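What follows is a group of structures, each given as structure tokens.
Across the two complexes that follow, subunit A remains constant while its partner is subunit B and subsequently subunit C.
Right after this comes the complex of A and B.
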């Protein structure tokens, strides 16, 4: 197939060796690229049971066949490995320009193995690969480190880096690029830090071959005009994900005070209108047609974002309505290389523990100076931060408060209250990397549309499967989530244009199912079963008090019913396990 | 009675880029009827999302009262 470079760059950090090898095209035909193909490589190459922070773990930067073409929204890079937060497979999707640089350097993927003997960074420019000393960078925030490297090499280069959180092996550590884009969840920054790898600097000056380039580029431009750039997608240019805040507030799924309730009467103090009054500039990722990035300047704080997740966790969920504090928290977390969701959820859990008198963590709801200080302490594992860096699962196992430790498999909850969207509790429970909203975005069907009622288990298994299948394909093509109208037919057409092989919508759907299954197979091999597809007891025991979902809590039997529906759709057994016959197809 | 209709997301195009309009509707008017009076034939809009009255999600057939704010959203994706 065209569209690929048919070339993998494999880096042995222990030996400081770089080799290239052909892409496994037989795998690419089944898993395409990015999410799916990186999980396949890890499934085949990682031994079960390895310590995610050991040199045995691998970190894969994987592009897709559309990367580097004129397909809009195709500039994302998958970063995948075994998660130190959960022990599951974990793939992230990072924006910016690094995906294009890797592809133009001539590689479909970079596979990082082993561990450097001391802090270093990797330099990649086409076929020139060098291992550089990072003594001057180590300990610095991700922003300062990136700035130093851009200063040294120039703006043609893309930098993928970790902050102090990655260096201290904090399992909430993310990987940054373009300063404010993250591979956020699951501790991929800690995996990179465990390899003593501070950064990867990359540039590429080659290109990407696709068949019938003139006709393809013309057709891609038509698709962009007719579909990508319609208003259903371009709303993100106007406000980024701040637009979600009002919808979640009105829809009754904006969480408040560590998910103890929903809706916030003060939401207009930090909503998109307020935040965007401080707009300084906008940007998009490589090949982007939508430009969702908003740069804000509030006081002395400059920050891209905050996105909806970061607004919610540092806003109503923390008992805060000060927009400056929300923006500052985002900026600090990004510089420290911390997942805003996991770090924020841990701090707000600690707030509730303190408020309830279960354990005094020295921070209460609304205390944002402390929230921001705690982000730094968590990243550097200093003082109280050394404890909080454990995350809500381990902390609650140690101190109590498990009922309101909002997590699944050790990954903290994104900012959509499931009692207002029951299918979301299922989506969080069965997501391949722990509680994640980017596998099956249930509110789009249950809350933001009239398709299916939110407060019932009926039909939720199929709904979550359909959403997860769609996203699994999209993220294996490495297309951005914000191209929301992209369907299987269009994805098939884009794949056909880029590769020269005929793909159909049915092929795309099959890939999506296969990707869900291989991720589950990885986790199954690590010992995960239905008992790990959980929901915090808060959802079962405490009814919402406000919003359209007032009075709602999820009956535990309804939650278990939704799980069984999902397993059945996929052909898994009652224990959520793939049968041998299905494993053999992967 | 008089109500305010606010549009969100891609629905703004139905008010030619304006985000809100105040209109007069009959007593006992539903959200659905009010939208139709404002020129928004919601069943024909593929990406029509949900409606909220006074900041709270409701069913499309729920009734309005004088002075109410009716918000209509398109679907959104992402997170």
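Right after this comes the complex of A and C.
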């Protein structure tokens, strides 16, 4: 197939060796690239039971066949490994320009193995690979480290870096690029830190070939105009993800005070209108057509963001309505290299524990100076940060408060209240990397489109499967999900244009299912079963008081029923496990 | 003046008037940075159309945005404005200009004077030849794919 470079860069950090090998095209035909293909590589190459923070773990930066082409929204990079937060497989999707640089340098993927003997960074320029010393960068914030590297090499280079959180092996550490883009969840920053790798600097001056390129470019430009740039998608350019704030507020799923309730009458104090008054410019990733990035400047607080998740977790969920504090919290988290969702959820859980008198963590709802300080303490594992860095699952096992420790498998809850969108409790429970909104985005159907009633378990297994299948294949091409109107037919046409192989919509759906299955197979091999597909008891025991979902809580039987529906659709057994016959097809 | 001088001067004046008329109504690339999202689709399709693969390092346009130390958003706006300075300075006459720049690759020696003088720093010398925007024959592809209309041809 064309579109690929048919070339993998394999780096042994222990031996400081760089080798290239052909891409497993037979795997690419089944898993395509990015999400699916990186999981397949890890499934084949990682032994079960390894410590994710040991040199045995691998970190894969994987592009897809569309990366580096003019297909809109195709510029994201998959970053995958075994998660130190959960022990499951974890794949992230980072924006910016590094995916294109890696592809133009001549590689479909970079596989990082082993561990450097002391802090260093990797330099990649086409076929020139060097191992550099990072003594001057180690300990610095991600932003300063990136600035120092760009000063040295120039801004033609893309920098992928970790902050102090990755260096201290905090399991909420993210990986940054382009200052403000993250591979946020599951502690991938800690995996990079455990390899003593502070950064990867990459530039590429080569190219990507697709068949009949002149005709293809024109057809892709047509698709961009007719589909990508329609109003359903361009809201992303207008307001970015701040648009979700209003939708969630109206839909009764905006979480408040550590998911104890929904809707916030103060939401207009920090909404898109307010935040965008400080807009300096818009930014997108490489090959983007939509430009979701909002670069804000509020005095000396600067940030590309905040995204909906970061607004909610530092806003109503923390009992705060000050927009400057929200943006400052985002800026600090980014610089520290910390996942805003997991770190934020941990701090707001600590707020509730303190308020309830169960354990005094020294912070209460609304205390944003403390929140921001705690982000730094968590990243450096200093003071109370050393404890809080454990995350809500381990903390609640130690101190109580498990009922409102909002997490699944050790990954903290994204900012959608499941009692207002019951299918989301299922989506969080069965997601391959712990509680995640980027596998099955249930609120789209249950709340925004209102295509299925939210407060019932009926049909949710099928719904969550369809959403997860769609995202699984989309993130394997890879195309950003802000191209919301992208369907299986369009994906098949784009894949056919780029690779020269005939792909159909049915093929796309099949790949999506296969990717869900291989991720589950990885976790199954690590010992995960239905008992790990959980929901915090808050959802079962406490009814919402406000908003459209007032009075709603999810009966535990309904939750278990949704799980069984989902397993059945996929052909898994009642214990949520793939039978041998299905494993053999992977 | 001799007859030859009169004819020569007349020719020159008429040619100037023709060029000025053309320049007044001639279409050129225009760029609005407020609408630019830094996607670089322009460079991608430019290189695809001219080189037969997506290779932005060989594109005849170079528009980018980048963060300066994370604190401010900067724009690099290298695109051909048809100013004609390359044409006026080419020592071999390889460059010609009417409503677009054309490079005669037989005559181009890759001396790089055009790239040095280009005020937009958009000309590249690659393997001994000058890569200069040719407006895709009056229908620029970069303009077609620019998602937010930052690039126009008018």
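Everything that follows uses one rule, which is that the second predicted complex is superposed on the first by the 586 of 586 C-alpha atoms of A that agree within 3 Å, B and C clash if a C-alpha of one lies under 4 Å from a C-alpha of the other, contacts with A are read in each partner's own complex, and residues count from 1 in each chain.
Convention: a contact is a pair of C-beta atoms (placed from the backbone, for glycine too) under 8 Å apart; a residue touches a chain by one contact, two chains touch by 3 or more.
None of these values were measured; they are calculated from a predicted model.
Asker: Contacts for A:448 in the overlay, against subunit B (first) and subunit C (second): which applies, first, second, both or neither?
Answerer: Once the two structures are laid over each other on A, A:448 reaches subunit B alone.
Asker: In this superposed model, does subunit C or subunit B come into contact with more residues of subunit A?
Answerer: C
Asker: Report for A:276: first if it touches subunit B alone, second if subunit C alone, otherwise both or neither.
Answerer: neither
Asker: Is A:577 in contact with subunit B, with subunit C, with both, or with neither (first, second, both, neither)?
Answerer: In the superposition, A:577 contacts neither subunit B nor subunit C.
Asker: What is the contact status of A:230 with respect to subunit B (first) and subunit C (second): first, second, both, or neither?
Answerer: Touch partner of A:230: subunit B, not subunit C.
Asker: Taking the superposition on A as described, I'd like to know which of subunit B and subunit C A:358 touches: first, second, both or neither.
Answerer: The answer is neither, since A:358 touches no partner chain.
Asker: What is the shared patch of subunit A, the residues that subunit B and subunit C both contact?
Answerer: Of subunit A, no residue contacts subunit B in one complex and subunit C in the other.
Asker: Within their complex, state which residues of subunit A touch subunit B.
Answerer: So the residues of subunit A in touch with subunit B come to 230-232, 234-236, 241, 243-244, 246-247, 249-252, 263, 308-309, 414, 416, 437-438, 441, 444, 447-450, 481-482, 484-485, 547-548.
Asker: Enumerate the contact residues on subunit B facing subunit A in the complex.
Answerer: 8-10, 12-13, 47-50, 52, 55-60, 71, 73-79
Asker: Which residues of subunit C touch subunit A once you look at their complex with the stated criterion?
Answerer: Result: residues 34, 37-41, 44-45, 47-49, 51-58, 64-67, 69-73, 141, 144-145, 147-148 of subunit C touch subunit A.
Asker: Would you pull the subunit A residues touching subunit C in the complex into a rising list?
Answerer: Contact set of subunit A toward subunit C: 68-70, 72, 75, 97, 100, 104, 143, 146-147, 150, 155, 178-180, 205-210, 213-214, 217, 221, 224, 228-229, 237, 280-291, 293, 295, 297, 302, 304.
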